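So, here come the structures, one by one.
You will see two complexes here that share chain A, one where it goes with chain B and one where it goes with chain C.
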Partner chain A sequence: MLEDGKISNLQFICIFVLSRLMLTMTYLSYFKAPPFNQDLWLSALLSAPMHILFMLPAYFLAQRLRNMTAVQSAEVILGPAGKLVSALFVWFFIHRTAIILREFGEFFTSILYPETPILVFIGLTALFAAYAVKNGIETICRVAQIALPVILFSVLLIMALLVKNFDLRCVLPVLEDGIAPVIYGAFVIAARTGMILGIPMLLPYINIPGKLKNYLIIGFFVLSFYFCIIVLLTAGIFGIEQSKIIDFPFFYAVQLISVGDFLERIDVLFVAIWISGMFVHASTHYYLAVLGTAQLLKLKDYRPIVPALGIIIVNLSILQSENIVVFNKFLSYKVYTWYVLLFMVILPSFLLLVAVIRKKGADSR
Partner chain B sequence: MKNCFIICLAVILLVTLNGCWNRRELDAISIVTAVGIDKSKTEEKIQTTFQIMKPSALKTSGSSSSGEQKGVWTLSSTGYTIFDATRNATMQTDRKLFFSENKVIVIGEEVAKSGIAPFLDFFLRDPEPRRLSWLLIAKGEASDIIKAKHEQENIPAKAIRGMIKASGATSTAVQVNLNDFAKCLSTPGVDPVACRIELIGDGKQSDKKMCVTGAAVFKKDKLVGWLDRPETRGLNWVLGKVGSGIIVVKSPKEENKDVALEIIRAGSKITPEIRDGKITITVEIHEEGNLAEQMSNVQLTNVETFKELEKRKAQVIKNEINAVLDKAQKEWGTDIFGFGEAIHRKYPKEWKELKGKWREEFPKVDIQVKVDAKLRTAGVSTAPSKVR
Partner chain C sequence: MKKLHRTLVHSSSNQQSESDQDIPDKKGEPLSKDIKVNFEKMQDIFANSSDAVIRRFEVGSDVKIGAFIVYIDGLVDREIVQLSLMKPLMVDINPTTVGCELNKKNALTIIKERILSISEVNEINCLQDAVNAVLSGDTVLFLDGSSTALIAGSRGWEARSIETPDTEVVVRGSREGFTETLRTNTALLRRRIKSPNLKFESMKIGRQTQTDVIVAYIKGIADEKIVEEVKRRLSRIDTDSILESGYIEEYIEDDPLSFLPTVGNSEKPDMVAAKMLEGRVAILTDGTPFVLTVPYLFVEAFQSSEDYYSRPYYASFLRTLRYIAFFISEFAPAAYIALTTFHQEMLPPALLINMAASKEGTPFPAFIEAMIMNIIYEILKEAGVRLPRPVGQAVSIVGALVVGEAAVSAGLVGAPMVIVISITAVSAFVVSSINDTTTIMRFFYMILAGSLGIFGIMIGAAGFLTHLASMRSFGVPYLSPIAPISTQDMKDVFIRAPWWAMHTRPRVIGWKNLVRQKYNLIPKPNKDDDNK
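Up next is the complex of A and B:
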């Protein structure tokens, strides 16, 4: 096996929740997607069942071939043609890492360091992530285990500090345009959880894979609860219309914290916390990209290709779009949702179907 | 070999990463405490006036020797846009202007009348200015306000900030920051208001004092009129933003003498109702207060007079509200109370049709005001001291 480490279910769910939450806390693009009105918090709550729905193909595929990652199982299921599907999975993780790094960089260059070239942030993060990846999945999990409680707590703290600016009437009227846009909204939110593909990638390294299901469901509910808090806070403070315009609304909400004239400007403190989360987020995807590549090419060790892949990722992350307008267009719900769904739901469903027909892998029942 | 490499890397990182790329030391920036925006009188440009902190003048704490020295420096610059004017100011300052500490944005009357939204874009888009800056509309030129002195505070912007916060004691000014204003601006069914600031007093321009009172009323993003102090409190009653204040009524048994009633707490409830296409809005005010002072020499602390005082107080509140409702509905046709939002919340279906024509519909809306005013205590003395 390429990776000797073993992680626990709790550690896996820590990475999972952390990487998903980081994206929400920085970019928070949900306001720019359906339902386009104050029902967004309902979409956020409904994202939990939607997540479970999206998880099913990847989860059953993983359980069917428990000691193989998605990249390996594609080959077992489809034969030599499976290499193509494996390559697609690897591409997905490479591209995701590039997107994460770019988002991270855009966040810094547009808010905190406008004159610094974006390459500095992308390069430095990639450098540190490469170090983490070299040390294996266990290391990344440990960081996640430390960072997640801090971040979960800090969101609650932000909520407590902002509660006086908060206008609860922002949730009314409920279901203005009916339930359909709300469900579409939940669909869009859940479709951004590309980490679902991480389940079949990491299941072979989980010590008690049978219990993962329960952890995942708890994880989804924690996520939707936090999405709901973040969405409500932002909408209550800026109003729905302003939230659609602002690029990093949750960060700006933190900027508005002003308690008794002395507890102000704690936004930079939160940037420090976010960096730790973003780091785990980026290194997890980086790791999966590296692991997938090594398995695709049947290498004995994945460590030598870490720097090589890192260079590809950094270049891709800069070259993928020339400016933030193009980048945001790709990340908009009309494009990115379907892009992720292709890798996250459609390909695993296809593999699962073929596996059932060709009777590959053990039945998990 | 490996250790050597790590040590080299550590040294390189130590040297190169010891600061931020965008590092700016305190002596290399001009900290702006207030910005004023006007139209230039001589050319077709925007004139911005900045109040810049002078850290050297603030250093001497306690000693009265430098008491005469001003803590700030004001300068004006012009440009085609705000940002253009801001950068043009560096030709005079030798340092780049720094906006994160900016607490006050003052907009001139003329600019406000022509539409304020294009002038706010810079403050909302640029990452440096904070959305917590107070937004004020100057009666007259904004540059006069920025240049005005304040006796107590070394930094006049701090005084403006203090005055806005202190206005809670009278509730006759509105407290609106950039975020509130932007929120109102982009929400259908509510028009924005902003605080009014003016210079009062006679004599030389430099002797005039700043005064934060009343409100500037907008229709979309254009200034349409001003509210005076009682009208502003009327607005605050409806918005539920009255914190404290004094209501003066005539004494029940001596009609030529005044009684001051202090507001302790107040709240409002806006209930819209649509029946057969006719919109009725009920505004309910609940107020509690104390008998704080009486100029008349009769005993007011008995059941009947307390009832009578409550009745008179309710009438005063009602009059204040009606005055502002009248002006907003009849004179300007601008919904500064957020009644449209209230309808949106209760009748989302009907609002879809109303949304587009709300500003035409608003003046026709029937608004009922119900005031429930209570008196609770009467201070320490139960009766006026008898003059014998």
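Up next is the complex of A and C:
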């Protein structure tokens, strides 16, 4: 085996939730997606069942071939042609890592360090993430296990400090345009959870894979709860129209915190916890990219390709778009949703279908 | 596990030369039956050693048997040698006391069994053993006509008495500390754990120093795999000298390139006993009061023996305080640099104006200021430790005046910087066992903060956390029980639960024999008494 570490279900769900929550917390691109109105918080709540729906193909694929990652199982199911699908999975993780690093860097160059080149942030994060990747999935999971409680608690604390700025009238009336846009919104939110493909990638390393579904469902509900309160609060503070315009709504909301004239402008603390979360997020995807590549090329050890892949990822993340405007166009719900869905739902469904028809992996259950 | 496995494979190939001393019959020259040969050999070996004493005499009243003893002056208790060895052999010996006539054949057995009034007497038959015994402070008796010599336990040398250790001071709890003498140290442990399950397995390490090292553990509580692993790693060591347990620590570490220790040490017997009772293995080294304990976890740096003796609420409060102090000592200068250089908007206006005013006249940026102050502080600290005590006071006065007062009034550094550095310095001593790590890390964070502000600090911290998470100590994850999380063990991490609530040992280490006490030991009024 390439990776001889074992992780627990709880640890897996920690990296899962952390990966999903971090970018959302700062970017909150959902305001620029359906339902385009104050019902977004309902979409956020409904994202949990939508997540479960999207999870099914990947989950059943993983459970069908329990001791194989998605990259390996594609080859078993489809034969030599499966290499193509495996390569697509690997590309997805490489691209995702590049996107994460770019979004991470863009935040700093636009908010805190306007003069510093973005390469500094992307390169330095990739360097430290490479160290984490080199140490394997166990290490990344342990870091996530420490970071996640801190982050979840901090978000709740921020909520508590901001509650006096909240104006309920901003999120009323409920269901002005009916239920359909709300469901479409939930669909868009859930479709961004690219980490669902991490289930078939990491299931072979989970110590009790049978219990994963309970943890996943809890994880989805935690996620939708946090999405909901973040969206609700941001919309309640800025109003829905304002939230659509600003780049980092939640971050600006944190800047408004002012308690007793001394606890002010704690946005830097928010940035601090955000960095630790993003670090885990980036390392997880980086790790999956490295693991996938090693399995695609049938290497004995994945460590030698960590720096090589890191250089590719850093270059890709800088070259993929000229500026944040073009970048955001790609990340908008019209493009990115379907891009992720292709890898996250369509390819696993296809693999699962072929596996059922060709009766592959059924005996291993 | 990977690393453990690697060391297992590695050590088995390197395991050869150490066993010289352990198995006497296989190696080493056998003793001769002729006493003259033995005598010459011993004289040859101890030539030019002015402290070695070789004394020839004759045993017996009618039949005279040639004999000689060898010992090192200063390592033996002379009273034992004179009254229990020489006197019975030379004066008291006669057929009436012995019961039969002495001859060359039965002399050795009779002397061993009926004449020597020393509690510890052993037979040996190889030269190397005899030399080792002499060098360890025993007296060796050679008799004519037998190829076996007798070792008489006569060790006794000048040693420091048991004192209160300077490194781990407690208000409540035992004041005893380990000494430099191995036997005293084992006795201190045995006095605390009066169980036959407490095992002391000894070995000798060091080609020249032949240092006695003892692996101590409690059978049935300690994991055998860890005990075996400790012994294996110790037997791998093939070096000239072991002068302090620090040598051993560096040879058996899991992560030799890390800043952080993966082997714990303590000078207090009660502390070591408590750790052994949790399932750890202790390594005692002759010549040092510092006893090593493995596996060592990160959270142990925040535990003090006193936590377990004082009441749980205050102990828990102190625990939390130690974690806070750790963060202050790691991050305070870096955070100050980041705040004043990059994120001024975070400071409340009143404080910002004050700080700007005090920085007004100073020539250097905050980063340089912090570096200068930190380095000066480290120099003062080092000088304070090394200098003779009378001079040390002068240094501290000069340090306090120059660094504290004059530097500010001369306009070299701002007053807030002095405050930050002093808080950092004081906090670092709260978590003294990883003081060296925090000192090095602090400089890293300062460089990162000086170049990239909060981003630098946090990405550095994330890297440091990754490093912590990747480490293991003898197969146990270094950050456990925090990550991987073990909820049951959390009662002794950030808080210290009352003793009656801690009915299990820490799971990661003491999983072999988990339950340490009866459940439900919480004191409560006796219901039967009430009814009566």
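Criterion: the second predicted complex is superposed on the first by the 362 of 365 C-alpha atoms of A that agree within 3 Å, B and C clash if a C-alpha of one lies under 4 Å from a C-alpha of the other, contacts with A are read in each partner's own complex, and residues count from 1 in each chain.
We take it that contacts are C-beta pairs under 8 Å (C-beta built on N, C-alpha and C of every residue); 3 or more make two chains touch, one makes a residue touch a chain.
These figures come from a predicted structure and were not determined experimentally.
Once chain A of one complex is fitted onto chain A of the other, the partner contacts of A:S8 are limited to chain C, with no touch recorded for chain B. Look at A:R142: by the touch rule set out above, it reaches chain C but stays clear of chain B. Contacts of A:V120 after superposition on the shared chain: both chain B and chain C are touched.
Of the two partner chains placed by the overlay, only chain C lies in contact with A:A132; chain B stays clear of it.
In the overlay built on the shared chain, the residue A:I111 is in contact with chain B alone; chain C does not reach it. Residue contacts after overlaying the shared chain place A:L256 against chain B, while chain C stays out of touching range. Contacts of A:G239 after superposition: chain B is touched, whereas chain C is not reached. Set against each other, chain B and chain C touch different numbers of residues in chain A, with C touching more.
Contacts of A:Y205 after superposition: neither chain B nor chain C is touched.
Overlap of the chain B and chain C interfaces on chain A comprises residues 112-113, 116, 120.
Residues 110-116, 120, 169, 172-173, 176, 237-242, 245, 252, 255-256, 258 of chain A are the ones touching chain B in the complex.
Here chain B touches chain A in the complex through residues 20-22, 127, 130-132, 179, 182-183, 186-187, 344-346, 348, going by the rule given at the top.
Note for the complex: chain A touches chain C at residues 4, 8, 10-11, 108, 112-113, 116, 120-121, 124-125, 128, 131-132, 135-136, 138-143, 145-147, 261-262, 264-268, 271-272, 275-276, 279-280, 283. Within the complex formed with chain A, the chain C residues making contact are 1-2, 342-343, 345-346, 348, 452-455, 457-463, 465-467, 469-470, 477, 479, 482-485.
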